[in-house]
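One chain, chain A, links the two complexes that follow: it is found with chain B in the first and with chain C in the second.
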Partner chain A sequence: MTGSFRHSSLRHSRKTQGWLYAAPTAVIVGVLFVAPLVLVVWMSLNRWPLLGPATLNAPDNYTKIAGNPLFVDSVLFTLKYTAITTVLLSALALGLALLVQERRPGVGFFRTAFFLPGAVGFAAAALLFYGMLNADFGPIDPILRTLGLIDEPVKWIGTPNMALFSTITLVLWRFAGFNMLILLTGLQAIPVEVYEAARSDGAGRWQIFTRITLPLLRPTLALMLILSVTGSLLAFDQFFIFTNGGPDNSTVSMVMVIYRDAFFRFDLGGAAALSVVLLAGLVGLNTLMMRRLR
Partner chain B sequence: MRRYTTLSALAVLFLFPLLWSGYASLEKPANYLRMAEYGEGVGTYATNSVLVSVMTVGGTLLVSALGGYAFARFDFPGKNLLFLATLAILMVPYATILIPLYVLLGYLGLQNSLVGLSLVFVMFQLPFALFMMRNAFESVPRELEEAALVDGCGTFRAFSRILLPAVRPALITVGLFAFLASWNDFFAPLILLNDGASFTLPVAVVSMTSGTFGTVDYGMLQAGVVVMALPCLILFIVLQRHYVRGFMSGALRG
Partner chain C sequence: MRPRLAGMAIVTLLALTTACGGGGAEQPADGPVTITMWTRAATQAQSERLVKAYNSGHRNQVKLTVIPTDNYQPRVAAAAGAKQLPDLFASDVIFVPNYTSQGLFLDLTDRIAALPYRDKLAPSHMKLGTMDGRQYTLPHTLDLSVWFWNKDLYAKAGLDPEQGPKTLKEFAEHATTIDEKLGEGGKVHGTFFGGNCGGCYVFTFWPSVWAAGGQVMNPEGTTSLNDQAAMTEVFAIWRGLYDKGVTGPTAKEEQGPTWAGFFPQGEIGVMPMPSTTLGVMPADMKIGVAPISGPDGGESTFVGGDSIGVSATTRNADAAWDFLSWTVSDEAQVEVMAKNKDVLARTDLAGNKYSAEDPRVVLINSLVAKGETPYALRFGQTFNDPQGPWLRLAREAVFGDAAKVPQLNAEVTKSLTQ
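After this line comes the complex of A and B, so read on.
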């Protein structure tokens, strides 16, 4: 065997080997990601009942979206929920991150305490709040009554505004630590020397925050905003479990409408069309945010 | 000092719900006995959840370790395309492809199947896991495996004997993320499983809120919350270091 032949067969076999190691990834991505992406578009062009054969009906599934009042309302509601949640969550996470950014005694405990709700599953967290805010079973109403803050049971999920308020509280509790952790990675990447230089130039705490911390934190803040906006626009668990869309369908999110179309109205084609619209909207929004914010 | 007062007050707010849930469930131990007999029996649901988590963690580790090795050490046609396609999973919202996945798993004979559900979880974990594993393998010095290859080991022996032990921390991080995601997820099993006997814990415990004869058994419900939450809390506290590394790696940035 000559040297060069040996060399080329070795290179050839390394190519094959590379493919073999990557093959499981390719199969998973191909079958469970690329194929469903193609399928969702195809389904959206068909009348596709939960049971029974599909028939081509394009573009009916798309044209009827505008006439689906539940979906139109859900878009407005989800946008409102997303705006409020993102603002409050960013502010809270930033506050927490600033409080625990410096290594001091006990800071590790507080970081863990703030993050711990994030280790609990979101469904479990929603059920926890479901019990905690129940006037007869939970502790919140008795505590508020003892403090003299209320006279009668609070309708935590009984009115549209209270349901939204309670849900956002749940989301803040569950996700503040997660977002704090993201921001901490950004804060810790700011060199100590920058702060020292600013301080020796006589900058105050507020100046340091607005002139140094915020600008240098921008990429991390952008990442957090994108994750928060995307996550909120796709809200499902909190409303399905905690408010069940109520009262009077006032807390129905976009993904809930997709779910209802598919499994209560057995209209998989309609659900697929809504999915495609949501998918296109989110990919567009993400691209826009990445350009703008980074 | 004022800082510590603020921190302590906040810590109370964040920890209170967790402590209350544990207290409310244990106040009457019978809560757990009723939960044990709920529906198909909590044992069935817990077993389903454990099976799904084990298959998801195992599958994610297997696929991402092999794939990470391929992307870190080999050149092959289509390499960049495959990597981008995997990362694109992050761009596509989870909820929008579950409906077609439901139909697709039906074609594959995996509807209402714990295996099918686990495969879907592996797919959703893959961008993060592959990114983590590729970076981990890239940071292992090439000399280490070249020595083994010169000694006559095949690439697979070098991979399993030399490289895998070297990337153990990354494997733990990937496994932890895969466990938390698969154990806790509610939406995917809600859509992909349709028979009570195959429900995982989140779906089963959420079904308790529909109540019997119009009354919800809140004590039993909190017992269910504790059974779901406790393994995650313990694992997180024990493996916190590895969890935080997942954030620091930049893998979330995809």
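After this line comes the complex of A and C, so read on.
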């Protein structure tokens, strides 16, 4: 009887202890993640102007989304941007990682050089590109002109395709080094013995890359893809600062539309509904990717 | 509580901005009071000078926070929702009606009525700070659109360097002459404008409409008149300049941040500029200043800048008013603003001991009473929003299919009434 009581008391005490250990994290998750999420969902069910009282209007904020051509266009544009960026970024980061994976003289310099743009704030990088590509005072056009590559100023952000191209160049410059670093950790986790065994079996470079490197790099590639796809779908700074959504609304991302509804049109309910839709899309896409890439 | 949590929610989930700072805690009545004030970066220099001068001569102190211009509206709006506004906050004058209608400013009617120079305060700013006969704001800083011309380039192009343009057509002729005579090599251009910036269009094009006797909106700010002949004629002149290559090559892409940065480099012949930049032009640059004219004459200006009011949630209204009323006093206007070539908030001080030294400053000050500041509750979302209908209208009119202007004008009107 006493033993049973002691056992039960110990179990109870451990349970309480467990709750106490988990409490700080639970509070942080509750306050910073769950509560805002619940509130945003609640806001999306209300007419919630930034400067006035809220009134329940469900499901108006959701039904009007389909009639918002700017958002519909932004979904298509963001998906296009995400697809192009993810493919190019993955290829470039993998190429860079393969270049600098082995310890050779000078490789440290190149690793640092490739990673360095990642140390520049993204907003600052966007403003930097805006200035550098300006035909009137930026250095790029005069350099190209001196080299005889162009005769007249290049409209870097003057046409929809050029604006997208220039933005993707900015993103590649800014993030290739960071993604290279992620892949580098994956590459270095592959045991050297596996490569040695493959070589002794007569495998060539291409076979080693496709049969050894890529399969063993799969978890790291999956992480990079998820980060890249999520980051691209949430793209904001590069378009808000660099292209301002232009020319003629051709580079408006989904988050830009949310920002516009919230802070230009003061319609928090509508912005919250768009946020919920975007969140649902992201959760669905990431679940799918996790399943496929696992 | 709900608005505060709502502010937290939008900040956290959208990860865009924060609503921190501000406040206005009640302080002891007998001791010195520190009041908080917000202003936007665009008018930072003037605000800092006023605050510094006030703090050096008063027991009460003003603590100024400068917020990036592009982020100012969201910050004010988020702070208002969370009841975290500072004691005083300045605002781009065109957004004042919206803030006033939402009850963000304290009613200052009786206090303003006690000022001996109440009838001499910048009329456009005072008009936009008045709602239902009650007054809520004072003029804080003034920024007028005027034409600057580069006298050296005028002389090199064979134009009279002492005679600026008197009509918009003459402006186009001067710009074309400079481009033809000096434009070879692509370094010097006749003129420049912000072709992908809604705010730039209203600031620099609309005064030509007013100068010609036209209007851009009805007085209530609910109907756009930007498809009328007075506006389309102005668009057509600028379109002609762009088509002929007289404007700088990046005019079509210019989003606003750098549109005023070309003239000081000495590469632009004549262009509309903010008057506040006169004081920061290179000392050795010979610059002429002219009012903006219509196609065939007249003169006007967009009276921009900031108004300032006491926030409705302040607990330091008396201390806040003490600073506010001081900023429009003779001392502050002449010894702080005029001394630094800033435009004055009072029409009776236009010709003071400092401005008299520079006829260009006298001219700019005299335009305060002639210019206009358009009124519309939905001004920002209609005219400043890069994705809004106005920018599309202006770009079609200047670079694209001008036949679309009437249809886009209907969208501008729709945005004004939504």
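The working rule: the second predicted complex is superposed on the first by the 266 of 294 C-alpha atoms of A that agree within 3 Å, B and C clash if a C-alpha of one lies under 4 Å from a C-alpha of the other, contacts with A are read in each partner's own complex, and residues count from 1 in each chain.
We adopt the following convention: contacts are C-beta pairs under 8 Å (C-beta built on N, C-alpha and C of every residue); 3 or more make two chains touch, one makes a residue touch a chain.
Owing to the predicted nature of the structure, the values given are computational and were not obtained by experimental measurement.
Participant: After aligning the two structures on chain A, examine chain B and chain C and state clash or fit.
Facilitator: clash
Participant: Taking the superposition as given, does A:Gly177 touch the first partner, chain B, the second, chain C, both, or neither?
Facilitator: Touch status of A:Gly177: first partner only.
Participant: Figure out whether A:Trp19 sits in contact with chain B (first) or chain C (second), or with both, or with neither.
Facilitator: A:Trp19 contacts chain B only, not chain C.
Participant: Quick check for you: in the superposed arrangement, does A:Phe110 touch first (chain B), second (chain C), both or neither?
Facilitator: first
Participant: If you stack the two complexes on chain A, which partner ends up touching A:Trp206: first (chain B), second (chain C), both, or neither?
Facilitator: neither
Participant: Between chain B (first) and chain C (second), which does A:Leu70 come into contact with in this model arrangement: first, second, both, or neither?
Facilitator: In the superposed model, A:Leu70 contacts chain C only, not chain B.
Participant: For A:Ala272, using the defined touch cut-off, is the partner it touches chain B, chain C, both, or neither? Pick first, second, both or neither.
Facilitator: After superposition on chain A, A:Ala272 lies in contact with both partners, chain B and chain C.
Participant: Applying the document's definition of touch, where does A:Leu99 land relative to chain B and chain C: first, second, both, or neither?
Facilitator: Only chain B is touched by A:Leu99; chain C is not.
Participant: Please identify the positions on chain A that touch both chain B and chain C, taking each partner from its own complex.
Facilitator: 32, 35-37, 39-40, 43, 48, 127, 130-131, 134, 136-137, 236, 255, 258-259, 262-263, 268, 271-272, 275, 279
Participant: Using the touch rule from the top, collect the residues of chain B that touch chain A in their complex.
Facilitator: Interface residues on the chain B side: 3-4, 6-7, 10-11, 13-15, 17-18, 20-21, 24, 62-64, 66-67, 69-71, 73-77, 79, 82, 85-86, 88-89, 91-97, 99-104, 108, 119-120, 122-123, 126, 130, 155, 159, 180, 183-187, 190-191, 202, 205-206, 209, 218-219, 221-222, 224-225, 228-229, 232-233, 235-237, 240, 244, 247-248, 252-253.
Participant: Considering only the defined contacts, which chain A positions touch chain B in the complex?
Facilitator: Its residues touching chain B are 14-26, 28-29, 31-37, 39-40, 43, 48, 96, 99-100, 106, 109-110, 112-117, 119-124, 127-132, 134, 136-139, 173, 176-177, 181-182, 185, 223, 227, 230, 233-234, 236-237, 241, 255, 258-259, 262-263, 268, 271-272, 275-276, 278-279, 282-283, 286.
Participant: Report the residues of chain C in contact with chain A in the complex, numbered from low to high.
Facilitator: Within the complex, chain C touches chain A at residues 2, 5-6, 8-10, 12-14, 16-17, 73-74, 77-78, 80-81, 98-99, 102, 104, 186, 196, 248-250, 252-253, 255, 257-258, 261-262, 265, 267, 380-381, 384-388, 392, 395.
Participant: Touching chain C in the complex: which residues of chain A?
Facilitator: Checking each residue of chain A against chain C gives 32, 35-37, 39-40, 43, 48, 50-52, 54, 70, 127, 130-131, 134-137, 152-153, 155-158, 236, 244-249, 252, 255-260, 262-266, 268, 271-272, 275, 279.
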